[in-house]
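Next up: some structures, all given as structure tokens.
One chain, subunit A, appears in both complexes that follow, with subunit B as partner in the first and subunit C in the second.
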Partner chain A sequence: MTIGLPRALLYYRYQHLWNTFFTELGCRTITSPETSQEILSQGIARSGGECCLPEKLFLGHVHSLIGRCDFILVPRFKTAGKNTEFCVRFWGIPDIVRNSFPEAPLIGYSLQEQIRGNERQGFVRMGQFLGYSSAQSLRAYRMAAEEQRRQDELAVLRQQELFSTEGLKILIASQPYLIHDAYVGRPLVRMLREQGGTPVFADRCERSSCRAFAGSISSDLYWVLNQEVIGAIPLMKEKVDGALLITAFPCGTDSIVNELVLRRVRDLPITQIVLDEQQGEAGLRTRVECFMDILSERKRAHAG
Partner chain B sequence: MPGKISISFPHMGDYSAVFTQVLRHMFPQARVFPAPPMTQRTVELGGRHSPDFVCSPFKFNLGNYIEALEEGANVLFQTGLGCRYGYYGELQEQILRDLGYQFRFVCLSRDRANPQYVYQTFRELGCPLSTPKMIEAGLLALASIRVMDRYDYFMRENAGFETVPGSFEGVRRQLLREIEAADGFGDLLEAGTRSRRAAAGIRLDRPENPLRVGIVGDLYTLMEPFSNFYVERQLAKDGIAVSRKMSVWFLMFGQNHRRAVKKSGRYLHHTVGANGVDSVAQSLSYARQGYDGIIHMKSFGCIPELNATPALLNLSRHWGIPILDLSFDSHTSETGVQTRLEAFSDMIRMKKEEEDAAKREPGRGRGFGVHQGRRAGQQR
Partner chain C sequence: MDVGSVSTKGVVLDSNGEIIAAEYLWTEGDPVTATKKTVLSLQKQLPASASIRSVGTTGSARKLIGAMLEADSVKNEITAHAKGTLSRHPDVRTILEIGGQDSKIILIDNGVVIDYAMNTLCAAGTGAFLSSQAKRLGIPVEELGDMALQAGHPARIAARCTVFAESDMVHKAQAGYAKEDLVAGLCDAIVANYLNNVGKGKRIESPVVFQGGVSKNRGVVRAFQAELGSEIHVDADSHLMGAVGAALLSRGAVRAKPFECAIVDLCFQTRAHTCPGCANHCEIISFYRDGVLLDSWGNRCEKGRAAEERKEDYLTASRNTGRAWKI
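Take a look at the complex of A and B:
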């Protein structure tokens, strides 16, 4: 049996969990290829013009998996604890996919983290749906959860090693599914590196600390993914030279949260870059160069 | 706070009459006034100081706040529940402070929207009423919302067929004035009865089988006619009966997400945030009742309604019911909306005529390919 994983949205957060779970059960997993112009156009063709770029990407990736696997994994993420939730886009993703691709065979679970054991139950049900016993599924889930935890810790450690290097360090405060996407975000990271900057990713900072620090910028914030992104700013501000807020057009949660960040963070050079499906490299490059110039001038002035 | 407190709040439809009434009771010494009426200036002010792609209610609210502060308000109210609406308050307060205004911002959003927190806040603001009196004022406001929503529902269904244009609107204006001035349940009861009698006395020229359109979508765009360029009024002018279930009463007591998911006929398996699932469930019920069309309205980029859109597209196809999608932003042009509405009502009128003709003479009027679709829908 083959399970298809769309390389979009929270794949970048849960890939080890999903991959390990299905391989431990004895299924094969395939991941959709890195985003290309073709995948993006398929996604755009299948969603309304007002939908956000990450959703278009997700639909494009689902489309690329149809016919290549037995089931496509499309989970639903609702809440992440008391008073914290995911953007409502994640609540609706399975229904959007089901209505946009009626022929696609889907599998998934619905995450409500404040209910104890909710994730485990979801995975066991998925295992049972695929024809495995609950004991097998439980074992696979435990292995998978452990693997995901280990990989998350590893990513945090690897990022910490970066701080011993020379050069300007720039915190990239962005959702992982934007900045790590090969077509949308990675060109920006490449430009930053070409300019001599070292990118520090918000999603590779310790999650629980980020959530705790987010309150110092915004007390009312209840979107967990945004908490983790903006919490990295106060957490890392001593260690980095500047921060880039990266968002996609028209991201609903970022539209409000980032504006608040730009108005409240005063002790760190910070700017926002909005990515969309029609961006030109030149415009992006100019903005990155400009930001890097300001940072290096600032650093020189402080040193001298 | 030094000096007299003057309380203001943003607009949403004509519910300002109710808010004025309840706040006037709660704070007898304060000056209570709704934000100045919405104009193009409100939209421009709000848009100028808001983030680019935030949903349009944020911009309208912010414009209201700025104009209210210019009028001398020093206490502002905001609430908020689902999706982005629950987070408006914090950013709006920050933007207004950055603009240099001095005020107190009372944000009763999400878990603060409970009776106990509201009670404490009102006491802090200096509400002199005894607790039973406060409860009474609160209940009176709820009853006023009920009276107003019932009248509005009746009016939407019938305003398209009044023989003297403006009769329903006239009764409504009178009712709103009386609600705002009501000091007790007696006044409210009297106002309600009078408006019902007056409405029943309006001469109607209602055809036996009129065109019927259902309206679904996001709460603010539906309930604030300024933000949707008075779509309902225009439909009424075209002689169409309009049904809309969304109202403040519905939001407070009518909505039940679990039931709505069940009623959405497997088009949705889960809630999709705010009122997305209600839009689908209500559309399905309109389709079952044989409505001639549905108008789906939302503010630009409204995530819950966008989540519901693919389901609505399928519903429209299966049931052969036309759905018009309208998105509103602070830049939407009124003419564009009017043109699309006119085209839509012409289209559903022609479709209905053709269907009626087909009923009289079987074999004709298959041009729309609708009949097959509706039969397929009924089998589901």
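Take a look at the complex of A and C:
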């Protein structure tokens, strides 16, 4: 049995959970390849007019998995704890995929974390659906959850090592599925490195601290993914030289939240960069270069 | 050299930073030729004894022209404009810049750039918009500014989007507004658009310096003055500030020998091809001087130059195997 994992959206958050769960059960997993022009074009072709760029990428990745596996994992995410919500795109993604690809065999679970044990229940049901006993499924889920936790901790530790290095540290406040995407976000990271910057990723900062610190920017914010991203700004502001807010056109939640950040955070140089499916590199490069110039001038002024 | 999408600017500075030669001409979609013309014109203005100690490029074609002229510094427009302007106005706090397709705002504190913004996905509120509307009204774009100053009652034109501004203007024209009033309305619209988009949320402190091609339009200058309620400085060389900044940024470079203007007489060629390395199909531009590869770019991964070298390998290989290279 082969399970296909689309390399998009929350794959970047849950890849170890998913991979470990299915392999512990005895399934094989395949992950769609890194995003390419081809995958993005397929995604655009299959999307309705209202889709955001990350959704288009997701559809492209689903498309690339069709015919290569028995089931494609497309979970539904609603909430993660009390008074939090995922963007409605995450609520609807299984339906969108089902409508765009009626032929695709899907498997999934629905995450409503405020209900205790909800994730566990979802995984056990998936295991049973695939023909495994609930005990086997539960065991696999426990292993998987532990592995994900371990990997998350490791990522945080690895990032902390960066702070002993020289050079400008730039906090990248971006959803992981944007900035770690090979086609959309990674060229930007490469440019930043070419300019001598060390990127520090919001998604590799300690998650519960981020959520707590997000309250200093807005106590009313309930989009959990945005909380985690912007919470990294007050959390890390003493350790970094500046922050880049990365968003994809047209992201509904970012358009509100980033505006809020730009208005409220006054003690750290911040600039917003909007990524887009047809962005030429020149504009991006100018923005990154200029931001780096500002930061190094600032540092020089402070040192002198 | 400041090689922008619409115009190409070049200056030569003496050791005191004064402009001793300057040229401004249209890029016309061919930055290499525009640069050739500019460099040759600069050369003519210089005394025979002059020697050029360093070269800097900026503008959207900075990389291409930087490779062509073997520039000592290749810097983005914002840093270059700030540097150039600070050399003339050391106390400047805000630089407004409206060019052909770009508009920017640069905030400066104590001679250091602290914030900036650029127009994003649309060219509303830039020179390109003014040019196209001038054409529609049958007025040379250079005359728009003076015409706007004669307006008795500027038409109110929607400023949020170029397309709507245009339909609004057509509507006002058909309703019988005088051309002067329409033109003044356009100038107001540019300013409103700029302040709402590029300048959104930025604190505009005096002294304010206005640059870029559109700063030559006195109607727009007046509109800025009225809107901001502060004096707007427009330098006689305001259109050259990017080039001045680029030159200043290159100062201090150590060159083995002075820059030879004759370099532009060599044969420069660009070739585009699609990298077959992966499914991204990057369009790679390779830049040659007299048939020798100077640089290549446009790739999303590190394969750029390598891809080009592989292409050479492939060409050799395909000569042997008879298979053709797809360009």
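Here are a few things to note about the model shown:
Following the convention adopted for this analysis, the second predicted complex is superposed on the first by the 303 of 304 C-alpha atoms of A that agree within 3 Å, B and C clash if a C-alpha of one lies under 4 Å from a C-alpha of the other, contacts with A are read in each partner's own complex, and residues count from 1 in each chain.
By definition in this document, a residue touches a chain if its C-beta (ideal position, glycine included) is under 8 Å from a C-beta of that chain, and two chains touch if they have at least 3 such contacts.
What you are looking at is a predicted structure, and each value in this text was computed from that prediction instead of being measured.
Once the two complexes are overlaid through subunit A, subunit B and subunit C fit side by side, free of any clash as defined at the top of the document.
The partner that reaches more residues of subunit A, of the two candidates subunit B and subunit C, is B. When both complexes are overlaid on chain A, the residue A:88 reaches subunit B alone and has no touch with subunit C.
Contacts of A:221 after superposition: subunit B is touched, whereas subunit C is not reached. Of the two partner chains, subunit C is the only one that A:286 touches; subunit B does not reach it. Legend: residue contacts after superposition of the two complexes on their common chain; A:36 is shown touching subunit C, with no touch to subunit B.
In the superposed model, A:183 lies in contact with subunit C only, and not with subunit B.
In the overlay built on the shared chain, the residue A:264 is in contact with subunit B alone; subunit C does not reach it. Of the two partner chains, both subunit B and subunit C are touched by A:249.
In the superposed model, A:297 makes contact with subunit C only, not with subunit B. With chain A used as the common frame, subunit B approaches subunit C to a shortest CA-CA distance of 5 Å. Common to the subunit B and subunit C interfaces on subunit A are residues 249, 263, 274.
For subunit A in complex with subunit B, the touching residues are 48, 50-52, 76, 83, 87-89, 91-96, 98-100, 102, 110, 218-223, 249-253, 255-260, 263-264, 274. Subunit C contributes residues 60, 75-79, 110, 112-116, 118, 120-121, 201, 278-282, 298, 300, 302 to its touches with subunit A in the complex.
Residues 51-55, 58, 82-84, 86-91, 94-95, 98, 107, 109-111, 267-274, 276, 300-301, 303-304, 306-311, 313-314, 325, 327 of subunit B are the ones that touch subunit A when the two sit in their complex.
By the touch criterion given at the top, residues 33, 36-39, 183, 187, 190, 249, 262-263, 269, 271, 274, 276, 281-283, 285-287, 289-290, 293-294, 297-298, 301 of subunit A touch subunit C in their complex.
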